[in-house]
Amino acid sequence: MTDFDDCLARGSHRFAGEIPGRMIGAPRLRGMPNLILHSDRALPSDPTTRGFAREIYQGIRELPIISMHGHVPVEWFADDTPFSDPAALLVTPDHYLMRMLISQGRTTLSDLGVASVDGDRAPEADPRAIWRRFCENWHLFRGTPTRFWMEHELVEIFGVTQRPSAETSDAIYDRIAAAIADPAFRPRTLMDRFNIEVIGTTDPAWASLEHHRKLAEEGWGERILPTFRPDPVLALDNPSFTHDVLATGLAAGVDVVDYKTYLDALRAQRLRFKAAGALATDHGPNLADTTPMADSDAARLFDAAFNGRPVTAAEARAFNAHMLFQMALMATEDGLVMQIHPGVERGHDRAITATYGPDKGYDIPFAVEYNRALRPMLEAFGHHPNFRTIVFTIDEDVYSRELAPMAGVYPAMRLGAPWWFIDSPEGMRRFRETATETAGFYNTSGFVDDTRAYCSIPARHDLARRIDAGFLARLVAEHRLDIDEAHETARDLAYHLPLLSYAKN
Amino acid sequence: MTDFDDCLARGSHRFAGEIPGRMIGAPRLRGMPNLILHSDRALPSDPTTRGFAREIYQGIRELPIISMHGHVPVEWFADDTPFSDPAALLVTPDHYLMRMLISQGRTTLSDLGVASVDGDRAPEADPRAIWRRFCENWHLFRGTPTRFWMEHELVEIFGVTQRPSAETSDAIYDRIAAAIADPAFRPRTLMDRFNIEVIGTTDPAWASLEHHRKLAEEGWGERILPTFRPDPVLALDNPSFTHDVLATGLAAGVDVVDYKTYLDALRAQRLRFKAAGALATDHGPNLADTTPMADSDAARLFDAAFNGRPVTAAEARAFNAHMLFQMALMATEDGLVMQIHPGVERGHDRAITATYGPDKGYDIPFAVEYNRALRPMLEAFGHHPNFRTIVFTIDEDVYSRELAPMAGVYPAMRLGAPWWFIDSPEGMRRFRETATETAGFYNTSGFVDDTRAYCSIPARHDLARRIDAGFLARLVAEHRLDIDEAHETARDLAYHLPLLSYAKN
Amino acid sequence: MTDFDDCLARGSHRFAGEIPGRMIGAPRLRGMPNLILHSDRALPSDPTTRGFAREIYQGIRELPIISMHGHVPVEWFADDTPFSDPAALLVTPDHYLMRMLISQGRTTLSDLGVASVDGDRAPEADPRAIWRRFCENWHLFRGTPTRFWMEHELVEIFGVTQRPSAETSDAIYDRIAAAIADPAFRPRTLMDRFNIEVIGTTDPAWASLEHHRKLAEEGWGERILPTFRPDPVLALDNPSFTHDVLATGLAAGVDVVDYKTYLDALRAQRLRFKAAGALATDHGPNLADTTPMADSDAARLFDAAFNGRPVTAAEARAFNAHMLFQMALMATEDGLVMQIHPGVERGHDRAITATYGPDKGYDIPFAVEYNRALRPMLEAFGHHPNFRTIVFTIDEDVYSRELAPMAGVYPAMRLGAPWWFIDSPEGMRRFRETATETAGFYNTSGFVDDTRAYCSIPARHDLARRIDAGFLARLVAEHRLDIDEAHETARDLAYHLPLLSYAKN
C-alpha cells in the first residue's frame, strides 16, 4: 500500500517543490519522548471546570471496580496461568487495536499473530515482531480511546517510560515481558491490584460452569461470576443450532426434543447459572425486536430448525424476537438482569470471518429501531418488580430520541453505558449530554466496561470516572448542580449504580 | 423495588467489606442546604465566554414573554380560580416530573394523585403526601431541565429557601400553600407577574370558544389566544372520529354529511378561531407526511370512517397526510400559521393509557423522515406569500440533515424551537450548534415553550434566553460575530422572532 | 412577505405597548462598523486551549492548498478571462448564499440574476442591485459558514473594511469591481495568490478534455487536474441517458452499441482522464448501494434504457448500484481514487428546478444507509492494494455509527471531510469529535473542499485548519495528546493526507 515515502520514491508525487512540514508516520519523531500520565488527563481544560472536576475525581478514583459485563476468559482465572508474552497479552486479544493497524493496509491479521481457521496461513510467530508492528504505528492511535487505555496500562501497570515507536519497541517489550514473568502478575493477583471487587465472565448457554465451580471452591466465587449468554441457541439461522441446543440440554440435564423441553432447558440453565453466582444474562441480537409470537408458531419454527429443515431469514428474526420476550419472562421468574445490546453486523467482511473467525475487528454497527422493538417487552414487564433490563447501544442517535425517554419512565429499564466504539472520552461525554436530561443519572447503569483486554479494565474505569467527573464539574461550574450533589452522583455512577443495577435477584 | 438499603438488609449484597462512599438517595444529605439561584446559572463557565454571555443575557432578561404554543387550560384564565394545593399545581400536571418518579419503581401514578379512568383505583388523596414523594426524590432530577425549572419556580415565585428533601418537604409545602392562597396568585395576575405579553391556549377543533369570548369581553382577548388543534378530526382511526367531526360541524354551524361538508366545517371553524384571535393551528401527527390524494379517494375514505365502516391503518395514514396538505391549503387562505410536530408514539404502554388516560409521561419519540414527507406541502405552498409553517421536532438527528436545509431555503418554513424532551439546556445548545449554520438564526421561530405547567413558563423562557446568550457569547468569543450583532440577535430570538413567526395573518 | 415594519404599518401587530429592543434587520445598525478579521477567529475561547490552538495553527496556516474535489469551471483557467462583476463572481455562483436570501421570502432567484431555463423571466440585469440585496441581508448570515468565508474574502482578497449593509453596499461593490479589473485578478494568477498547489475540476464522462489539454500545453497540467464524473451515464432514469452515453463513447473513440461496449467506453474514458492528469472519479448517487447484479441482467437493463424502452425506478436504482461496483472494479485496474457522496435529493422543489435549472440551493439531504450498502464493494475490493474510496457524507448521524467503523478497518476506505452543509465550524468540530475515536486521524482524507466559489477556497481551507487546530489543542489541553504530535497531525490533516489520499495511481 502506498505510503508517502514510497510515493516520493516512485516519483508519482507530481507536485514540484519541497514538501512542507514533516511527513506522516513515526520516524519523524525526534528523540524518544517520555510517556507521562498527567494527573489531569481527560479532565476539561477550562480552569473553573477543571478545579471542580479534579475535586470530584479525587473522591472516586480509588473506589473499587464493578465489572459485570466482561469477556475475559474464565480459564484465565480458574487456572491462574501466567501470560505468555506482551503481544498475546496486549495486541492479539484487542480487536480495537488490530483493526487500526489493518486499516492502513500495511498489516494483515496474520502479521498480528492471528491463526487462520483452517491453519493454512502461518501467523507471525515472533511476538516481538507483532509488538513492533504496534509500536511503530503508535501515531495511528492519536485521538482514540486505545491510546488513552494503552498509555495508562504501559505506565501504571508496566512502568514503561518511553513513547512507543520503532526505536523503543524492543525496550518496552522487554520491560513488559519481565513484568509478566513475575508471579505477582497472575490473573488473580491482578484482581486485587486492579481493585476489581467483582468481575463477570461471559459463558455460553451450554457452559458446564466447571471453572466457576473451581473458583468457588477456591474462594473466588463471590468475585468472579458467570453470565448467561444464549445468543446462538436463540438464533434459528445459527448453522450449529441443533448441536448448541442439545449441548445446552445436556448441561441442564434436560432431554431437548421439542420447543417445550427447549424452554425447560433454558430455564434450568439460567437457574444453574444463578446458583453459580450469575446476576445477569447477556444478549447481542441483530435487532432489538421483542415481539412474541403464538406458542404454536414458535414450536413449529423450533421444530423445523431443530430437525434441520429450512427456516427463512424472516422466520429466524421473528423467532429471535419471540425468544427475547421469553428471556424477559424467565427473568421475571429468576431475577437475572437482562443485558441487551443489538445493532452490530458481526463479521462485515465475510471472507475475513471465514479465514480468521469472529471478533477480529470487522464488526460494523447499523441503525436499529428501539421504540416499537422494545414495546412488547416493556408493556409486558416494564413495571414488573422482579425485572430489570439494561439496554446498551452503539448508535448515539437513539439516546435522546428513544432510549433515554424509555429509561426515563419504565421502572424495569436502565440505560447502559456507551458501548464498544463509543466507550470513549467523547462518546461518554456525549452520552451524558444527550441522555441525562431525559433519563436522569439514576436510570443509567453507571459505568459498565465490555472487553476481552483484561489489563485495560482499570484504564477504562479510570477514563469513565474522569469523563463523568468532567461532566458533573461542568454542571457545577454552570450552577446547575451543587458540589455536594456532584460528589454523591459521581460515587453513585462509579460504584453504587453498577452494583445496584445488577442486584435484582 | 430494590433499593440499596433493602439490598443490604436482605443480605443480597454479596460483596464483603465496608461500602465505600455514601449510598444512593436523599437521606444522605447532611443538614438542609440552601436553595439559591446563581445569577450566572446555565451560562458557559469559560471566563471570556461568560463575560459576553452575562452582558448579552442582561439585554434580554426582562423582555416580555411570547408564549404561543402553550397547553395551560383556558378555563384557568376564564374563571381565574385560585389553585387548590401545591401538588395539584406543580406535580400532577407535569408529566416530566411524574415520569421520573415512576421510573425508579417506587411510585405509581395513583401515588401521585392521578385518578384512574374507570375510578377503580383510588388516587392518593393527601396533596402533602404527593408533595413529599416529589421532594424526597429531588436527587433524581439532577442534570434535568425539571431541576432547573423547579428551582427557578420555588425560589423566584414562592420564595423557598431550602433544597427539597424528605425533611424539608412539609415546610416547602406550607410556604407554597400560603402563597397560592393569596389573591395575587390568581392565573390572570400571574400573567403580569410572569411578564407574559401573549399566551396561546390549545383548543379542540370543536371548541365553542366561549371561554375566549368571556376573556375578550373582560379585556383579555388580545393576550390570551386560542389555537386550532384538529388532530382527532383528521385521524380516521380515532375511535370517536364521527362524534368529533359532528361536534366540529355543530360548533361551525355546518351540517357535516360528507367529505365536502367536512372540509367546509374545518374551514369555517378555522375562521371562527381566527375571529376569536387565533394566530395558529397546531398539528401533532404521527408522521410528517403531507402527500395529497385524489379528492375522490379522500371522499371515499371519509365516508367509510364517518359511517363506521372499517378503514385500514395505511388508509388512515394516507388520509392524515392528505388532510395536512388540506390544512396547509386552508392556511394559504386564512393565514393561520401551521405548527407541526410529529414523531411521538403517544401512550407507549397501552395498559397505562387505558388505566390513567393520555399525557401521563409514557410518550416515546421515534425517527421520522421529513425530506420526502414535507415535499408535497413545500412544493405546493413553500413560496406562498400567505403561508407559514413552523416545524418542531424531538429528533435532533434531523436538524442538520433535513430540517435546517429545508428551513434555509423555503420562505414559508420556520424551524421551531427544540421540542419536549429537548427543551433543555443541552438540547437547546445542540439545536443552535446543529441548525444555525444551515438555517441561520432568522429562519428559526425564536423560543417557543410547550407546557401545561403554567408556573414553569417564566423559568423555561429564562433558561432559553440563557442558553441562546451562551451560544451567541461563544460566537463572539471566537470572533465569529460582533458583540452588537449578538445583542440584536439575542433580542430577536427572545422576542421579535416568536412574535413575527406567528404574525402571518 | 411580512416584515416587522410592515406588520406594524398594517396595524396587524395586536399587542399594545412599546416594542422593546430593536427590530429585526440591518437598518438598525448604528453607523457602519468596521470589518476586521481577528487573528484568533474560530479558535476555542478557553485561554489554555486557545494558546495551544494558536501555536498549532501558526504551524499550518501557510501550507499550500490541495483542492482535489472542486467545481470551478475549467474554462475559467483555460481562458484565464477576467471576472465580470462582483455579483457574478460572488453571489450568483454561490447557492449557499442565494438560498439564504430566498429563505426570507423577499427575494427570488430572478432577483439574484439567475436566468430562467426558458428565458421567459428576465433576471435582474444590474449587478449592483444584486450585490445590494446581499449586503442589506448580511444579518441573515450570522452564525453561518458563509459569513466566515465572505468576511475572509472581502477583507483578505479585496481589502474591504466596512461591514456589508444597505449603506455600504455601493462602496464595497466599487472596491471589488476595481480589484477584479486588475490583471492580477485573473484566475491563474489567483492560483498562486491563493497558495493553491493543485486543484481538481469536475468534468463529465463525455468531456473532450480540450481545456485540460490547453492548460497542459501552457504548463498548468500538473496543477489543474480533471476529475471523471460519470453520474448521468450510470443513471438509467436520466432523460438524456442515451445521448450522454453516445457522447461518452464518441469522446472515448468507442462505438457504444450494447452493455459491453458501454463498459469499454467508460473504461477508455477513465484512462483518457488519467492520461490528462486525473487522480480521481467523483460519484454523487442518490443512495450508497454498491450491490452488483448478474451481467446478463445489467446488459438487459442497459439495452432497455439505451433503446428508449421503459425502466422502473427500482431497476434504475439497482443498475446504479451495480455500476458503482463496476466503477470500483475499474478503479482497481486504473488506480483512480473513487470519491462517493450520496444522500442528497437534488432539486427538492421540482418547479424551481424546471424554471431555473439545477444547483440553485434546493438540494435537501436525507438519511442513507451505509453499512449494508458499501458492503459488496468493501468485501470485494476493501483490501485491494490498488483501490481507494473516499466516502463523504452530509448526514452526521452516520459518522460514529457506520462510516468511522468502516474506515477504521478497511484499508481501501478513507473518510472524507464533512461535506456541503457541514463544511462549517460546528460541523467540522463535530466530525473530529465523532469520527476520530474510531477511525483515527489517519483514515480520514484531510480537508477537502467542494465549491464553485473560487474565491472562497482559501477561506474554506483556513477555516478547516483553524477548527482542526482547535480540536487538536483541546486534546493537548486535556493531556490526551502531546504538543509535538498535535503539530505533526495538524500538518498531516492540512497537507499530507489530502495529497496522499489522492495518490493511489
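So that you can tell them apart, the chains are marked A, B and C in the order they are listed, and the count of residues begins at 1 in each.
Note that contacts are C-beta pairs under 8 Å (C-beta built on N, C-alpha and C of every residue); 3 or more make two chains touch, one makes a residue touch a chain.
Everything numeric here is computed off the predicted structure, so don't read it as measured data.
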Exercise for the section: Compute the rotation angle for the C-alpha superposition of subunit B onto subunit C, expressed as a multiple of 5 degrees. Expected result: 120
Completion exercise
Taking shared numbers over all numbers used, above half giving same and below half different, the subunit A and subunit B interface sides are different
Handout entry: Inter-chain centre distance, subunit A versus subunit B - centres from mean C-alpha coordinates, in Å
Key = 38
Problem - Sequence positions of subunit A contacting 2 or more other chains - result: 46-47, 397
Fill in the blank from the handout: Interface with subunit A, subunit B side, in the complex: residues 1-4, 7, 12-16, 20-24, 28-29, 33, 38, 40-47, 99-100, 102-105, 139-145, 147-148, 163, 345, 348-351, 361-367, 394-397, 421-422, 424-427, 430
Problem - List of subunit C residues in touch with subunit A within their complex - result: 46-49, 59-60, 62-64, 197-198, 222-223, 277, 369, 371-372, 375, 378-379, 382-383, 385, 397, 400-402, 404-412, 432-434, 436-443, 474-475, 477-482, 484-485, 488-489, 491-492, 495-497, 499-500, 503-505
